[in-house]
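In the two assemblies presented below, chain A is common to both, partnered first by chain B and then by chain C.
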Partner chain A sequence: MKITDFKIPTRLDEALAALRDLGPAALPVAGATSLVFIPEDQPMTAVDLNRLGLDGIRRDGDAFRIGAATRVAALQKRHEPGWVLDRVALTLSSQQIRNESTLGGNICRVFPWSDFPAALLALGAGLVIRGAQEKEMTADEFFSSQPARLFRGGDLLTHIRVPAVGAGAGFGYKKVRQTATGFSLATAAACLQLDGGGIRSARAALSAAVPFPARCAAVEAALAGKKASEGLLREAALNGLSGLKFKEAEGMSAEYIGRLAAVTLGDALVEAWAQAKEQAS
Partner chain B sequence: MAKKNFKVVNQPVKKLDALPLALGKPLFVADFKPADALYAKLLWSPHAHAIIKSIDISAAEKMPGVHCVLYHGNVPRIAHTTAGQGFPEPSPYDTFMFDRKVRYVGDRVAAVAAETPEIAEAAVKAIKVEYERLEPVLSIEAALKEGSPVIHDEPEARAVIPVPYEPKKNIAARVGMDVGNVEQAMAGAPYKLDNSYYIHMAQHCPIEPHVTMAHVNAEGRLVIRTSTQVPFHARRIAAQTMDIPVQQVRVIKPRIGGGFGAKQEVLLEDVVGMLAWRSRRPVLLMYTREEEFVSSRTRHPERIRVRLAADPEGTLTAVGLDCISNTGAYGAHALTVVCNSGSKVLPLYRAPNVHFTGTAVYTNLPVGGAYRGYGATQAAFAVESAVDELAEQIGVDPLVLRSNHHIRSGETSPVFAALGEGKAGVEQAIGSCGLDKCIRLGAKAIGWKKRGDWRKKKGRYRRGIGMCCLMQGSSIPEIDMGAASLKMNEDGSFNLLMGATDLGTGSDTVLAQIAAEAIGTTSDKILVYSSDTDMTPFDVGAYASSTTYLTGNAVLDAGLKIKKQILGVAAEMMEKKPADLEIRDAQVFARDGSGSVTFQDVALHSLYAANQFQIAAISSHISHKSPPPFAAHFAEVEVDTETGLIRVVKYVAATDCGTAIHPKLAEGQVEGAVMNGICYALTEQYLFNSAGRMLNDSFLHYKIYSMRDKPEMVTILVPTYEKTGPFGAKSVSEIGINGPCPAIANAIYNAVGVRLREAPFTPEKIWRGLQQHNA
Partner chain C sequence: MSTTRTITFTLNGKKRDFQIAPGELLVKLLRRSGLTGTKEGCDEGTCGACTVNVDGRAVLSCIMPAFLAHGRNVVTIEGVGDFDRVHPIQQALVDAGAVQCGYCTPGLVMSAKAMFEENPAASDEDIRVHTDGNLCRCTGYEKIWTALRNVRDANKPAQA
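After this line comes the complex of A and B, so read on.
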């Protein structure tokens, strides 16, 4: 990335105006940790998003409202009932990167190995975008293809709304990599809502192993309304991904990565189930 | 010489360069860049095998800010080797500063020096090249196939010593030996195996990639500051390649950010030297990480056949080893690496019948070179895996099989005499050998006794323990030479000047300790200046695990000469005989207690008072042996049977390096080598597309371990005393990297019964092995 100019707005409207004026030459940055991945082709103007009040986490009813410029380290260090993103944050790269990298940056331009998209898909997060007006969309809409498409007109992701994982619910998150700070080979996230011993609803999502983060509809369908057991969860993951296309990685075949993703999703479902049982009462 | 009453040696003294390194002081090549330096960039071949039909540099030359453009049409065409080895080099002369042919993706095509890196980059892009593409040869098997394209068809390619060299068959080197008859021994043996193993390419990944700076000084001499392990070889080869006299070149080695063998290559000195020579401006060339991966050097991959046989009592009767290495596009270290696959591995176990062949083949892939372990790493994986396989066949504990057969103090091996580096080897009897104790202490630390059969293990996550035994060498006997010069200053400090090359290993500190111990002072009184071809005596450089052992002996000898001179001056001052004096703590005492003088008194007397002379000495050392350090390594791994994912739980490395001159630095060498070896075994690999282009040329996709990945590690130093080494020392720097591949392969087998004979051990390979079990 060739940065030839740098703008430091201090108000949201100022930032939005700058992004609109610059058009495709604008490069919104907060943590700036992914610049290294962006090829150096045309000159860009960086627009700093760190002084717009877009950082911070607050509880908002049954959900958490997270500013898009909130550092991953802040997600990692928060611990309270219903909050699960600390588990996701902890697996992202190294502490040095987590201190700088932001949640918004991690999801607005989705790289194959991005961590948060799968978690937000499984959690059913909402994404708040500011342009001329404020609008909220579901994670399913947001991640239906590269989110960067949403910001071409100068709009900006300002907040992420993440439901608290409450009574009878559980969240599971597993990421497999070869080295501690390496890219993910397979990332799986799952949310289960129990109803007594039965599964009222299940949400499952994968990233890294697949070309783009995606919900696992067949797995979810195989679980909804069933009596939960470890066997059922693992079987659903193993059998429910056959329609997905996997990609080879780090010298390993697509077939193997598919296997790895299925086992990893099974592990995430089992972890979600364990938490849901714990929170049953 | 007393063995154990060391005052400086065997102590963890402060590393001489610790403080400036920690403070980030300017110490490295690029730190010395003058303001008027030009930046150099190279144009790399996009093709694995092609003839340059035409090249047009005119647009690049005309760009404002461009001072020099080099290509095959405007530089001397001199065949040489980039391998920084003793002269005449055992590596073939098959390389030119620039050639009309390119032999791998990343081969040199042209070079530019310009005012800024941006201009240099733009000028490189402005060079127009027309290629005629040739069929690339991308594997050992393809290289050896009848009718395969010839990679080195240029008439100048030749070996400069009498060794087999057949470029028309893509063969860069051949070596071999036989004792007894392995085939016959195999034929009648009740226990035997004949297996093939493959071990892969890897990169050294020094923190500081290759970097070289050159300028022409006021006297018209070329001064090259470079990140090298071999300053004197760099001077010789740069002068040869540029076709200028050696006396016109001065090579200075500042601090080095790691080398691991990659910087035993004279890669950039010739072209940067030529750019500076032509432009008459200082020129700096720094490799990017991508260039370091593709266009520096790699570990030679090897395809290895191992044959083992044992008699009905389980006694080893035959060891056969056939290694074919892939040297890539050029033959740097081709002969010696594959030769070391035999010479540094086969002597470890006694067997009456021994067979070895080593063959190095050219391919259109990145170039092999020296890499820590140097062929021993490759063969140790194969042989130590096979030993475990044979032990299972016999029904004996693999630890016991190893203990029963490994070489011991006082014994010799026919391999030592048979395999040298480019000539016959040197017969030697083993002096010190602490391998028995390494095995015993290592086994205890890992919990060898609790190791069970994989068939009895249950559950998704299964643990296993594996081991291996290792040896290396200490210097190249009757070939390599190191020298040191010491002089006394008027305050009782000493200048130690050496060609020995501290590349981050701590050898400056280790050699200062040896000097201090020999003279009778402390290491902080030794001012070390290492590696400047104008100022320091000759040294072959830092390779072949030689510096402590080889240069250490030169330093020891110079130190003892200094001590004698000090005693002489003190005797004159104190009106005693030298024999009536002794040195302790930088002072000379009369044995009868009648008085003492300090080193400062002695120095002042010798420089100013009477019969003045400079207390100084210079010594050279050539070794007649290459005493092996020994090691026993143990790995405990955990395998996820659902996915094949593997984790090293604990690693124990017990090493006999003789006297550890600096125990902390020696432990650091072992730990660094082991970490290096673990990720080599598990995660490092070159991925190529079908046209021979490397796909993962960055740390994002080429996976090396960081401290976050470090398993529990136990480092045990087993002290022995090598009589031929300085204060009993042997080498420690290379041996540690040879262990993880076999120890982990054996541990995986012990965990889940999957025998992997192809490295690296990716989760997929383990999982597929498990699938075969289940099928």
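After this line comes the complex of A and C, so read on.
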């Protein structure tokens, strides 16, 4: 990315006006850690999003409201009942990247290795966008294709609403890397809501192994209404991904990555089940 | 056309103006300003040699545009210690034999400094997590972790 000018607004309306004025030459910048991955071509004016009061996390009823410019390290270092994003944050690259990268930056332009899209899909998060008006969309809508499409007109993601994982519910997050801070080969996230010993609802999502982060509908359908067991969870993951297209990676065939994704999703489901049992009401 | 812009930030305790190209990276600005203690290894955010502290956070100066430092408080290894005023983290690394070629050391010290400022009682696990972005080709890490555990233990209030 070729930055030929920058603006440092201190109010949201000021930032939105600057983005509208600049049009396609504007580049919103939060942690700026993605610039190294974007080839230099067009001259861009960077608009700093770090001084708009868009950071911070607060409990809001049954959910957490997270400012888009909240650092991944702040997610990593929060620990309280219902909060599960610390587990996702801890796996994201290195501490320096976690210190600088923001949750908004991680999801507004999705890379194959991005950690939060799968987690937010599994959690059923809501995304709040501000332009002329404020609108909220579901994670399914937001991640239906590259979210960068939503921000070309100068809008900004302002915050993310993440449901607390409460009584009878559990969350699991797993990824496979070749080195501790390396890019993921397969990333899986899962949420289970138990009803006694049965599964009332299941949400599962994959990224890295597939072309774009996505829910795993067949896995979810195979679990809903069933009596939970480790065997059932692993079987659903192994059988439920056959319709998906997998990528090759670093000398590994698409078939192998598919198998890896299924095992990883099975692990995430088992982790979610363990937490759900612990939180049984 | 890019033009030069002026930004202001506190560098190792002194507030200063800097003329920068808008897209200039912080590591380039620091090194051309004579502060060559901050190292460049990979230049792509994967090795940690370029770590500096911005408002107390350990960040990678090789991928951080300098303009993001405007109005902030930047500390580099030169602001931490020197041969005649060695910082306790530096001394602990020397004492544990955790410095060989030394190329990773400035970045490592900046990661450790940010960690201990936030949490002087960092656990063994915290130490590993907060140094996971500092690659060292020489030491095998054990001596680094020993040194940082020693810093942590020395931070503990003396037992009565």
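Basically, the second predicted complex is superposed on the first by the 281 of 281 C-alpha atoms of A that agree within 3 Å, B and C clash if a C-alpha of one lies under 4 Å from a C-alpha of the other, contacts with A are read in each partner's own complex, and residues count from 1 in each chain.
The definition used in the following text is that contacts are C-beta pairs under 8 Å (C-beta built on N, C-alpha and C of every residue); 3 or more make two chains touch, one makes a residue touch a chain.
The structure presented is a predicted model; accordingly, all values stated were derived computationally and were not measured.
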Discussion item. Quick check on the superposed pair: does A:Asn50 touch chain B, chain C, both, or neither? Answer first, second, both or neither.
Written reply: second
Item to complete: State whether A:Ser94 touches chain B only (first), chain C only (second), both chains, or neither.
Response: both
Item to complete: Could you let me know whether more residues of chain A are touched by chain B or by chain C?
Response: C
Item to complete: Check whether A:Leu35 is in contact with chain B, with chain C, with both or with neither, and answer first, second, both or neither.
Response: second
Discussion item. According to the stated criteria, A:Gln133 is in contact with first (chain B), second (chain C), both, or neither; which is it?
Written reply: neither
Discussion item. So in the superposed three-chain picture, is A:Val263 touching just chain B, just chain C, both, or none of them (first/second/both/neither)?
Written reply: first
Worksheet item: Where does A:Ser242 make contact in the superposed view: on chain B (first), on chain C (second), on both, or on neither?
Response: neither
Worksheet item: Given the touch rule stated above, what does A:Phe183 touch, chain B (first), chain C (second), both, or neither?
Response: first
Worksheet item: Taking the superposition as given, does A:Ser253 touch the first partner, chain B, the second, chain C, both, or neither?
Response: first
Worksheet item: Can you list the residues of chain A that touch chain B in one structure and chain C in the other?
Response: 94, 180-181
Practice prompt. Within their complex, state which residues of chain B touch chain A.
Written response: 642-645, 679, 682-683, 685, 687, 696, 700-701, 703-706, 708-709, 762-764, 767-768
Fill in: Touching residues on chain C, where the partner in the complex is chain A
1-3, 5, 22-23, 44-46, 48, 51, 57-60, 63-65, 67-68, 70-71, 111, 114, 129-134
Worksheet item: What residues on chain A touch chain C, complex-wise?
Response: 1-6, 8, 29, 32-33, 35-36, 43, 46, 48, 50, 71, 73, 90, 93-97, 99-100, 180-181
Practice prompt. Provide the residue numbers of chain A that touch chain B in the complex, in ascending order.
Written response: 37, 94, 176, 178-183, 250-253, 256, 259-260, 263-264
